[in-house]
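Each of the two complexes below includes chain A, the first together with chain B, the second together with chain C.
The block that comes next holds the complex of A and B.
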């Protein structure tokens, strides 16, 4: 009943959603056009992307402003927490689709093409030369695909990346403790360390992709192995990029004196997101690189 | 009753919100009111009109389909265009009409039913809606592109949707991304609203069933829609960036597409029916003048249906060469769903048993729902039996089945809901006589439309074809005649709704229907722009509970 003493904040009308919708439609419509050699497509896509950036900064800026003015109460804070929590759950399910594709290919479709269980005829009739192995370097019909020479091994760059992300989870939690104890200096150090680890991760990931594309011929078009490899690591990389940008925004806010031990959902929301990205990476390391 | 509520309302208005006056004026003027709005009632209205527009667009496509099938042979359209019609009819009805209509009802009703002043995240609520017109336009624009629109059916199976699809498919993919994004945001908002904005004295098991069913639906949406996004993303890269998720030549599998699609698709069909269960569970007690029978069993049944919906997806795929063990599992799991569904049907019937029944329009539709949805449920049971599905699969029997559950199920529940709550929304009553004529017109024509399709399917007529052998001619003609009549009934419905809103008889009663229970009937009629600035008290919540018998 405490919350009902102060009012729940219902914002006035806002232009940001419609700006976001126009941005999203332009970006995706432009992208689809550019895929079909429409010369305007790329321009519209870039414009739409710009609009989305504008919208995110404007909208979030307004939310930060409202939060700093203290017009959000505990109940509003709970809404934000629930929103972020369920959003992360939706992201989990998004990754689940790609993990599902990986497991299906590894355990079902590739063995079936190789003739396992009752699929002897599949193999004989379609591609009798094809042997089921994983990692799959030889496609059933190699003509339309890039045949990779080798794959990225788990205990090289990916292992270092695993360390980076695990460590970044620790530094972020360290920063969070500092925030709870109102130790501003330690928050900043912790956040900078986390961001640095994120950037190192991303740089190593870029180096790994360059190695794969330039030396190993491991590409998106390298059959189901390359498809699942790049889809999973690529979407994860995209999320790390987003997470890093979000951490930088949080660092800026800390430097401006935002957040206090009782009120710092912005910080926590980003921290949750970062830990989520971290956990997805562990799944990737185990199932994509290692096993 | 009317005086007490308006007294409370006056008291609230006078309650010294002077400092926040700007939050308490009425709606803004002009078009920008609708573009910028953060008010749950405005956004609900936007959703409902969008859904209605899409219903008419999708309905027009259905008319093209039935016109072409009126006689054997090719009459009006090219086969390719016919396929575009079946595809877009399905997509528009599912993603443009039924789902947004339920979200619109959720927006209007959930805050009113749980005593909340608005949705939990109002700006995001606005965005959830305003993505839809853009996504819908992008989807419809594919029809005008070179190579035509998507023609692979609403299920967009690979490789039809990857290797053999028109260029416009990439626009379709992004439209689905946007629709999914909108649905996920809407669902997050519904959960946050129910869990965080509920009147502090309302326990979960005090909630009206419409709220319960929507809470569970929102969970399904958040779990299922991202999987669809993943599926269309893989389609996109298979089409444009050389991946081979759904291409056996690269080690992938077109059947994998079906697994991923139906992992989304089966929860999706419950997303389209659970809120309908909620609506019917609100309406029947009102007009039976009895508490809902078995409230808690309704809640548990809804939750069971939702959980089971994630483990039955491959019953759509019995003919893909699944191992026998897989067929057996998916058959039994599927048939298990008829247990909680049966609980619901029996509860509705038992609620009516020895009630003081009257049959105002919402009740007519609710009863029609119970009967016709059950027919659709039974044909679903038949389809779930793996050995006989070999005969039914991909025939008109399937078409008949899902139109019974989606048209005379989901859509009829939406019509029932609109007739039930419209007087509260706009303070005016619809014309009962015209509504009754419309009801019988629609009920008779919908059965003429879809019932013969069972026979067509059993006799072996495949779905998604513009032409057929002559032995199917009679039933197709009957079905088409029913289709045109059913289509025309929506013109009358439009007239009834529009005249009700503009010039219907004014009502003063807060409790529009004499035995209606629920917090939404305690606010003034028409519902003021802002309601429940102060949460309702415990006594009021309990006395408005439709299942008071259980307390």
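The block that comes next holds the complex of A and C.
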């Protein structure tokens, strides 16, 4: 009986999962060894990381190739969408944990140290001089932390960066409409503009960190404000970096003639990811710099 | 003012969430996802302009400036 394309899709055997497993084991093993002052540890960790990058590009490249050959059916398409859904779920949980930590510190633990709610004795006995004020520039135990001179003002680099990401959301949506209308030139211009705005965002973020470290003494070691600030904005920056790399890959694919109005899940997935990263930044801008 | 800002943010999360839902559910030919994302961008720009206006009017102040 002739097998139809809508029947269960079974891919060919692949060595990429093994490469990925060796990469992950080497990276984690190398990291653990480096913590034990093993001289080879860092080298093994970097090698493992390199193997993972090699695996990601190799495996994804194979999937792109198979997709362009037209051998995938609707079942495979659904599996990609489900995979993307679970990936997004993990990302939402990741950022929820950091935003949750910020909320807990601002609204509960720091006020408790200042004597709020039924914690008057906590303040009197532990830190009688401490007043709970956010951002926490006067720490109860200042000797053990880097006390910042000031924090970064919302209307300086953060506002320009917000504008960059908002514009990048608009240019990407413009490219997305172009894809649905099969206007190749507009897709390319929209993607290039989005990538450029992402790079400008990252460059300004580096400048902001340099300013914070060199002039404001606002560091990762600056108590709970510094920790939450750098963890949230740092991991967000890492996501913008990954998003920019993914957009560059999508641009390369568009230049090679990939995607059409009826087959472009790769574009959709990356576009949604970029919008998600954009919204996380808006959340940061509101909750870290404003409210 | 704080609640108006939060309301805008809820609209943004809702439109982003519906875009995800449409991406998961619809095929590639559908325009529901891109429409939801366009709304997301619109709300976000609206929120940024609202923050600008509220700051200019003196209704809100950035963290640490109060």
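Keep this in mind: the second predicted complex is superposed on the first by the 281 of 291 C-alpha atoms of A that agree within 3 Å, B and C clash if a C-alpha of one lies under 4 Å from a C-alpha of the other, contacts with A are read in each partner's own complex, and residues count from 1 in each chain.
By definition in this document, contacts are C-beta pairs under 8 Å (C-beta built on N, C-alpha and C of every residue); 3 or more make two chains touch, one makes a residue touch a chain.
Computed from a predicted structure; not experimentally measured.
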Using the overlay on chain A, decide if chain B and chain C clash or can fit next to each other.
fit
First (chain B), second (chain C), both or neither: which does A:109 touch?
first
Which partner does A:166 reach: the first (chain B), the second (chain C), both, or neither?
second
Kindly classify A:125 by the partners it touches after superposition: chain B alone (first), chain C alone (second), both, or neither?
neither
Looking at chain A, does chain C or chain B touch more of its residues?
B
Please indicate which partner A:136 is in contact with in the superposed arrangement: first for chain B, second for chain C, both, or neither.
first
Quick check on the superposed pair: does A:15 touch chain B, chain C, both, or neither? Answer first, second, both or neither.
first
A:276 contacts which: chain B (first), chain C (second), both, neither?
second
Once both structures are superposed, the least CA distance from chain B to chain C in Å comes to 10
Determine where on chain A the residues touched by chain B overlap those touched by chain C, and list them.
82
Chain A contact footprint on chain C (complex, rising order):
2, 5, 9, 12-13, 16, 19-20, 23-24, 27-29, 31, 33-34, 37-38, 40-41, 44-45, 47-48, 51, 55, 60, 62-65
In the complex of these two chains, what residues of chain A are touching chain B?
1, 3-4, 7-8, 10-18, 20-22, 24-25, 28-29, 31-32, 35-36, 59, 75, 78-80, 82-83, 86-87, 89-98, 100-101, 104-105, 108-110, 112-113, 117-118, 126, 136, 139-141, 143-146, 219-221, 223-228, 230-231
How about chain A: which of its residues touch chain C in the complex?
74, 77, 81-82, 84-85, 88, 134-135, 137, 150-151, 153-155, 162-163, 166, 169-170, 173, 176-177, 180, 261-265, 268-269, 271-272, 275-276, 278-279, 282-283, 286, 288-291
For the complex, give me every residue of chain B touching chain A.
17, 20, 22-23, 28, 32-33, 35-38, 117-118, 120-124, 126-127, 130-131, 133-135, 137-138, 167, 170-171, 173-174, 177-178, 181, 184, 187-189, 191-192, 195-197, 200, 222-227, 229-231, 233-234, 237, 240-245, 248-253, 255-256, 259-260, 263, 323, 533-535
